[in-house]
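Chain nomenclature is as follows: A, B, C, D, E and F, assigned in order of appearance, with residue numbering initiated at 1 for each chain independently.
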Amino acid sequence: MYFHRQELQHKATPDKPDAVYARKLQEVLGGQYGEITVALQYQFQAWNMHIPGKYRDLVFGIGAEEMGHVEMLAVMIAQLLEKSPLGITDEAVQNDPTVAAVIGGTDVQQGIVAGAGARPVDSNGNPWMGSYITSSGNLLADFQANANAEMQGRVQVARLYHMTDDHGVRDLLGFLLARDTMHQNQWLAAAAELQAEGVESLPVPSNFPIGKEERDVSYQYINFSDGAAASEGSWASGPTPDGLGEFSYHEAPEAGVPMPPPTHPDARFYGTTDVPNVVEKLAGRAQDALKKE
Amino acid sequence: MYFHRQELQHKATPDKPDAVYARKLQEVLGGQYGEITVALQYQFQAWNMHIPGKYRDLVFGIGAEEMGHVEMLAVMIAQLLEKSPLGITDEAVQNDPTVAAVIGGTDVQQGIVAGAGARPVDSNGNPWMGSYITSSGNLLADFQANANAEMQGRVQVARLYHMTDDHGVRDLLGFLLARDTMHQNQWLAAAAELQAEGVESLPVPSNFPIGKEERDVSYQYINFSDGAAASEGSWASGPTPDGLGEFSYHEAPEAGVPMPPPTHPDARFYGTTDVPNVVEKLAGRAQDALKKE
Amino acid sequence: MYFHRQELQHKATPDKPDAVYARKLQEVLGGQYGEITVALQYQFQAWNMHIPGKYRDLVFGIGAEEMGHVEMLAVMIAQLLEKSPLGITDEAVQNDPTVAAVIGGTDVQQGIVAGAGARPVDSNGNPWMGSYITSSGNLLADFQANANAEMQGRVQVARLYHMTDDHGVRDLLGFLLARDTMHQNQWLAAAAELQAEGVESLPVPSNFPIGKEERDVSYQYINFSDGAAASEGSWASGPTPDGLGEFSYHEAPEAGVPMPPPTHPDARFYGTTDVPNVVEKLAGRAQDALKKE
Amino acid sequence: MYFHRQELQHKATPDKPDAVYARKLQEVLGGQYGEITVALQYQFQAWNMHIPGKYRDLVFGIGAEEMGHVEMLAVMIAQLLEKSPLGITDEAVQNDPTVAAVIGGTDVQQGIVAGAGARPVDSNGNPWMGSYITSSGNLLADFQANANAEMQGRVQVARLYHMTDDHGVRDLLGFLLARDTMHQNQWLAAAAELQAEGVESLPVPSNFPIGKEERDVSYQYINFSDGAAASEGSWASGPTPDGLGEFSYHEAPEAGVPMPPPTHPDARFYGTTDVPNVVEKLAGRAQDALKKE
Amino acid sequence: MYFHRQELQHKATPDKPDAVYARKLQEVLGGQYGEITVALQYQFQAWNMHIPGKYRDLVFGIGAEEMGHVEMLAVMIAQLLEKSPLGITDEAVQNDPTVAAVIGGTDVQQGIVAGAGARPVDSNGNPWMGSYITSSGNLLADFQANANAEMQGRVQVARLYHMTDDHGVRDLLGFLLARDTMHQNQWLAAAAELQAEGVESLPVPSNFPIGKEERDVSYQYINFSDGAAASEGSWASGPTPDGLGEFSYHEAPEAGVPMPPPTHPDARFYGTTDVPNVVEKLAGRAQDALKKE
Amino acid sequence: MYFHRQELQHKATPDKPDAVYARKLQEVLGGQYGEITVALQYQFQAWNMHIPGKYRDLVFGIGAEEMGHVEMLAVMIAQLLEKSPLGITDEAVQNDPTVAAVIGGTDVQQGIVAGAGARPVDSNGNPWMGSYITSSGNLLADFQANANAEMQGRVQVARLYHMTDDHGVRDLLGFLLARDTMHQNQWLAAAAELQAEGVESLPVPSNFPIGKEERDVSYQYINFSDGAAASEGSWASGPTPDGLGEFSYHEAPEAGVPMPPPTHPDARFYGTTDVPNVVEKLAGRAQDALKKE
C-alpha cells in the first residue's frame, strides 16, 4: 500500500517563470532515465523479488522516495510555466523576437494539452514507456541496472544545472544530485554485498552450468575494427573481474563458418525462390486462368 | 566504414524446425537488451566519443562484432521457421491440437509479414526502438550501461537455453553466453581502468562542483517503506564506494516542506480555478451572448 | 511525498498457477485503462491542479490508493506464474499438447525478461505509455475522463472475472470491481458538484466567450451516414444537456465550400507542381549539367 | 462504404502564413484527442456495435463528419505552411533573429518529410496511435468516452483560439468549437437515453452479478493522502449516483493483509533466491567445470 | 467531406467463427501495410497535393474506397469472434486442449478490451501508427510508395488466403486481392504517366540541380560485402534506368578519409575527455570542497 | 560477419557549428527513411532471402555501405554540435534573442541526454523503430520498397541541402545525393531484371492462383470521390502494366451489399445488446442481490 502526504521532500519553487526550462526538466521527470523510470523500476523489482529481507526492503524503501521526486519535478514545472508566455496572443509573441524565441523552445503540449502543467513525457515530448524499466529477478543484474540508471540520471541533472541561473531550480537540482550520489553509491554497495555474501557473483547469472558455455571464447578480446589500441587495455590481458580466467587479445576473428544455405519456406508464402520454379509457377498460373474460363 | 563477409562467426543451424522457439529468440535479437541494442549502442558511443585511443577502439571493436550476432540470430530464426507449421491450411492446424498449440505460440507476423523470416522486434512483437540505447558521452556511466546490457542479455540467453533441447540452437547459445561473459568482464574492466587512470571516478559525473550539491543528504539512506531490514545493509552504515563519505540510516524523511500554492495560469487555458472567479466568468459569458444578439 | 507499507489492501493470492491468466491480468495492470494509468493520471491532475481544497484532496487521496492496486496485481501475477510451465524444457512442453497449448497463450516476456514476474505492459505485451493519461487542468473535463477510465476499467475486470474459476483471483477481482464501482460513482458525483457549485458547467470549457463560437451549428445533428434512425434520439430534438439550446436534426450537411486551391510551396521542397514549370526545370537541369563540364 | 466530396464543410483558409501555428494545429488533427481519434473511434464503435438502430446510426453519422474535420485541418495546415519560412537558406534564417525564432517553433518534419504539408502526428511530432481510441462494445462506457474526447478536444481548440489572431484560422476554430459543443451535448444525451430506456445503467457494466462484487467497499471513500477536505464532498456522504448505495468516508484504509511470501520460480530463470541455495549452486558450478576438463 | 453509406462494397461474412484467424486478419486492417495505412496515406497525399486535376482526383478517389476496406475487415473480424471461444470459463478452455490451443493463438485484447470486436492494431497487437504513412508532396516518390504499399499488402493477403478454408473469408480476400491487383497496376501506370508527361522523372527529385550532386559516384556499384555475383546484375554495367548514365562495378570502396578528430564539447556536459584535463578537474573539485568548509 | 574500418567513405566535417541543423540532419539518420532504416532493411532482406547469388550479394553489398552512411551522419552531427550554444548558461541564451532563437530550434536531448552527440531518433526526436523496415521475402515487392526508400530519402536530403550554406555539410549531402541516385537506379534495375528473368512478375505476388482472385474487379478504376478528371489518366483505360488486362473506368461502385446483422457475443463480455434482454438482466441482478442477503 502507498500513502501520500501533502508535503514535499525538498523545496521546489523557482525564482521566476521559464517555459523553455520547464520543457528541459521533463527529461528527468519522464525520460528514459527520469524519475518515473526509477520509481516504477524499483517497485517492479520489489514486487517480483524472490527473497524477503534487506534487499527487498531496500528496493521498496527507495521506490517510494522516487515517487516523491516525480512529484517535486511536476510541481516545479507547473510553477515554471505559471507566468510564462506560452503562445497566448496578448503575450505579443508574433511581434517580439525575444518572446518568440522563448516560445520556439517550449513544449507546446504543456500549454495546449496540460493547460500549463507537467506531462509524463521527456524533453522532446515522447511519452514515458514501460520499456524503459528493467526488472529481471536477478538481483546482481538489476542492481547494476539501477546503478546505471542513477549514473545516467545524475549526468543529466548535472547538465541541466548549468542550463539555468534560477536559484530555486538550482536548489532543487542540488538536492536531486545529492540523492543520486546516494543512490549510485547504494546500488554499488548492494551489488558488492550480494557478491560478498555469495548470493550472486560474476558473470551474471553466476550459476549457469559452466560446461554449457563455449568457454574457449569467454575471455577473448576479438577486434572487429582496425584500432589497435584496444590491445592496450586491461580487457586484453591479465585476470578477468570474475576471477575465473585470463583475458587474451585477438586481432581479428578466426575464420568464420559458411552461411547455411538459404531457406525455402512453403511456396504459399510467395517468397522469391529459384528461377526454375518460376516456369512451373507461371504454367500453373496459366492453367488456373484456363480453368477459370 | 563497415564491411560484410558472407560467413558467420559461429555455426547457426538448428537440428529441426521450431516456430515457437523462433518467436522466443526474437527477444535477444530485437528486444530491449537484444543484439541490435548493443550493436547500435556501442557504435553510437564510438561516434560520440571525445577521446581517441584504446577506449574508442574498444567500443568500435565490439560494436561490429555485435552486428554479426544480430546476423547469426536472424539466420537461425529463418531456419527454425523454414519447415515449421505457420498456419498454412494444409498443415492441418485446425484439426490437430498439437499443431494448433504450436501455432498459438508463434509470432504470426514472422509468417504473414516476413514470409517465414526474422524481424526487428522482440518476443512479443514490439518493434525495436532507438530509445533502448544509452550513449551519454560520459564513459564511466556508459560502460556501466554496457555492463548492465550484457548482464541482462546473458540472463535472457541463459533462460532461453533451457527452453529448447535442440543441439544446434544450444550450440549457438553456448557461444553467445561465452561472448556475453567476455563482454561483461570487459566493460567492468574498462570501468575500473577509467577510475584507476583517474579519467573518471565516482560519483558519476565525478567533476561536478561538489559545493553545488546538497552534501548533507548525499550518503543518507532514508526509508520510505516500513521494512526495517534495510538498515542491516552495507548501504546504511560504513564508508561509501566513492570513498568520499559515510552512509547513515534514517528511518523516515525529516519533516517535508509545505507544497507551494497551486498555480494560476492565464485564464485562457481554461483550467479550473477558484469559485469566486466563476461568477465573473459566467457574467462575462452572458454579456458575450447579449453582445452577439 | 509517498510512503509504502509492506501490506496489501486486499488478499492477492491465487489458488493455483495459471500463466495464461497471468498474461490476461496484465491488461488491467499496464493497459490503456489499467491501474498504472489511473494511478499516474490522478497524481498528475493533483500536481497540475489550480485550486486547493476538497477536489485536490480527492485526487491525491485516490491516486495513492491506485498505486496499491498496481501492487496487488503485480504480486498476483508473480504468484500465478510461480509454478506454471513457462517453456523450460523439462516441463515437457513439446510433447504434451495440453501444456503446449498453455504455453501458446502466455506472455513469453514474463518468462524470458522478467524471470516469471509482472511487467509494465498490457495483455498483448505493449509497454505502458504516458500518452494513456489525461490531465488538462479543467476539472469537469478531467473528472469526465476519470469516470470514463473507471468505466472501461470495470468492464475489463468484469470480463476477466469470467475468464477464470480460481477463487483467489476472483476474490481480488471482486474487490477491484467494488472499488471501480466506488470510483465511477465518485467521479460522477464530483463532476455534478463542480456544476452545482458553479465552478464549471457545460459545454466544457464553459467560460469560452460564447460570441466567438459559430452558434448556428452548436446544436445541430448533421447526418453524414444514411441511417435515418438517428433522428429518433434525444440528441436530435428537444433541449440540450447544457441547458443553452435546442437540438435540431439535419439529414445532410448544407452545401459545403469549395476546396481552396492547392498550395505551391517553395520549389526547393521538390513537391510536384504544374507541368509548365517542368520544362523550365529540365532546362535548368541541362544548363547545370553543362556548366559543370 | 465511404464517399468523398471535394468540398469542405466550412471555410478553411488562413489570412496569412504561420508555420509555428501550423505545428500547434497538429494537436487537434493527430493528437490523443485530435480529429483522427474521434473519427476512427466512432467508426470502430459502429463496426463493433451489437444493436442496430438509432445508436448505431448516430455513431456512423458522426464518424464520417469527423473525417471531414481531419480534412479541414490538414488543408488549413498546408496553407499556413505555404509561404512560411521553413528553413530554406534564402529565407535568411541564420541572420534574422525574428525569422530564426519562428523556425525554432516549427515542426521541422512538416518541411523535411512532408514538403510543407500536414502530417498524422501531434504538436510535438508524436505519430498518431491506435491506442488513443476507445471501443469496448458497452455503449454507456463508450458514450462516456466520447463525451470525454469531445470535452478534452474542445478545451484544446479553445486554447488554440487564443494563440492566433488570424481571422481565417479563428473562423474555422469557431466552427469546430460549435461542433464540439454539439457533440458533447449529444453524447451526454445519448448516455442519458441509454439509462432512461434501461438499456444500460450505473455502475458500468450494470448487469455484472452484484453478489460477486465485494459490496462492503463499493461506496467507501478511503483516503490515502492526508488532505481532510475530501470528506466535505458529495462523494463522502449521501446517496450515490447509481442509486444503489450511500457514500461513507474513511480516513484511512483498514489494516491491510500481509504480503504473500516471495515467489520461487524454477531455478533456471536465474532469479536471485535464498542464500543457502547459493552454496549448492556454486558447488554445482565447480563440478560442472571439473566434468568439462 | 466524407459520407458513409450503410452498405459494404463486398460481402464480408465468414462461414464459421475463428478467433485465431480474427487475430491474423488484424494485420491487413491495422498493420504497417494494412488498410488504415493506405486509406490515410492517400488522403494525406490528396490534402497536401500541389496540383489539381487527374492526379489529385485519383488519390481522393481511392482513399475513400480504402476506408470501406477497413470497414469490411472490421465487420468480418467481429463476426469471426462472435461465437468463438475467447476465454470465458464455461467454454471449458482449461480442460480441452483443442480449445486451449485456439485460445493460445488469439488476440486477447479483442476479448478483454473490445468485447469481441476489431481493433486498430496489427496481428501482434501493436497499435497502428501515423509513422506508417508516406506523403512527401513529390508525386513520383509517393506513387512509388503507393505501389510498394499495394504490393506488400497483396503479398500479405495472399498468405492469409492460405491460412483459412473458410469460404466466406476467402471470398472477401479474393475481392481484396483483385483490388490490390488494380491498385498496383494503377500506381505504376500513374508513375509512368508522370514521367511520360515530363512532370517528374528519375532520379527523384528530378529537378535537383545536377551540378550539386557528386556525379562521380552516381552510378557506381560499390561492393561492401564479399559476394562477387553482384557484378553480374544489370545494376553493375550498362545504361541506368534514369537514362543519364552508365553503371560501373567497384569491388570495394576507394580508400576512405580519416575520421575527424573527436569532438570536445563544453566541459559542463561532463563527457569524458582527455586524461590531462582530469588532474585539473579533480583539483578543482578539491578546491570546491575546501571552499565549502 | 561485419568489420569496421576507422575511416569514413567521404569527408564529413562542417565549416562551422550549427545546432539547429544538427537536429534537422537527424531525419536522414534516424527517421522513417533515414540511413538506419535502409541499413537494417537491406540486411534483414539478405538474412531472410531464399536464393543465393547476385540478388543476395547485391543486398548484402549495399547494406554494409549504409551502415557507413549512418556513421558519417553521426560524426557530422557531433561536430555541428561541438561548439554550438546548447543552453549552458554562460552562453547567455536568456539575454540574446539571436542565441535564444537558435536554442529554440535544437533537439534538447542531443545536449541533455547525449552530451552534444547524435542520437537514433528523427528530427522531431521520435526514436527509430523496427516497424520502419520492410522485408517480405518477395524480391519484387522488396526491391520496390527499396526504390521507394531511396526516393523518399533523396527528396529529404535534397530539401536539407537547401537548409544550409555550410560547404562541409553540402559536400557530404552532395555525396549522399549521388549514392541515392545510384541506389534508386539500382533497385529499379534489379526489379526489372527479376521480371526479365521471369523470377517474379506483376502483379506481386505473381504466382498466386489467378482463379482465386475476383478477376472482374482487377482492372476497374472505381471512383469514390467526385473528381471526374481521374477518368483521364492511363489508369482508367488501356492496357495494364502487368500485361494481363485492360483498365476500365467506373464513376461509382456498383450497389453494395447490406451490412451483416450486428454480432451478439457472449453476454459476459457486457457489450450492449437489445433492450428486451435488459429487463431480464436487471431481474437477474435483483435476484443476485437477494441471494446474497
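The rule is short, and it goes like this: a residue touches a chain if its C-beta (ideal position, glycine included) is under 8 Å from a C-beta of that chain, and two chains touch if they have at least 3 such contacts.
All values derive from a computational prediction rather than experimental measurement.
Sharing over half of its contact pairs with B-C by residue number, the repeated interface among B-E, E-F or C-F is B-E.
Shared numbers divided by all numbers used gives the overlap of an interface; between subunit A and subunit E this overlap exceeds half, so the copies present the same residues.
If you average the CA atoms of subunit B and of subunit D, the two centres end up 27 Å from each other. Subunit E has its Cα centroid 24 Å from the Cα centroid of subunit D. Once the centre of each chain is set as its mean CA position, subunit C and subunit D turn out to be 6 Å apart.
Each of the following residues of subunit D touches two or more other chains: 1-9, 32, 48, 55-57, 60-61, 63-65, 68, 75, 78, 88, 97, 100-101, 103-105, 111, 113, 115-117, 121, 124-127, 129, 131, 136-138, 140, 155-156, 158-159, 162, 205, 208, 212, 215, 224-225, 227, 253, 256, 263-265, 268-271.
Subunit E contributes residues 20, 23-24, 27, 31-32, 97-98, 100-105, 122-126, 155-156, 159-160, 162-165, 224-227, 252-253, 256, 261-265, 267, 269-275, 278-279, 281-282, 284-285, 288-289, 291-292 to its touches with subunit B in the complex.
By the touch criterion stated above, subunit C contacts subunit F in their complex at residues 155, 158-159, 162, 268-270. Subunit B contributes residues 1-9, 30, 36, 40, 43-44, 47-48, 57, 60-61, 63-65, 67-68, 70-71, 74-75, 78, 113-121, 127-131, 133, 135-138 to its touches with subunit F in the complex.
Residues 5-13, 32, 53-58, 60-65, 68, 75, 78-79, 81-83, 86, 88, 111, 115-117, 126, 129, 131-132, 134, 136, 138, 140-141, 144-145, 147-148, 151-152, 154-156, 158, 161, 170, 174-175, 177-182, 184-186, 188-190, 192-193, 202-205, 208, 212-225, 227-235, 240-242, 245, 247, 253, 255-260, 263-266, 268-271 of subunit F touch subunit E in their complex. Put simply, subunit F touches subunit A in their complex at residues 1-6, 48-52, 55-56, 87-89, 94, 97, 100-101, 103-109, 111-113, 115, 121, 124-127, 136-140, 194, 197-201, 205-212, 215.
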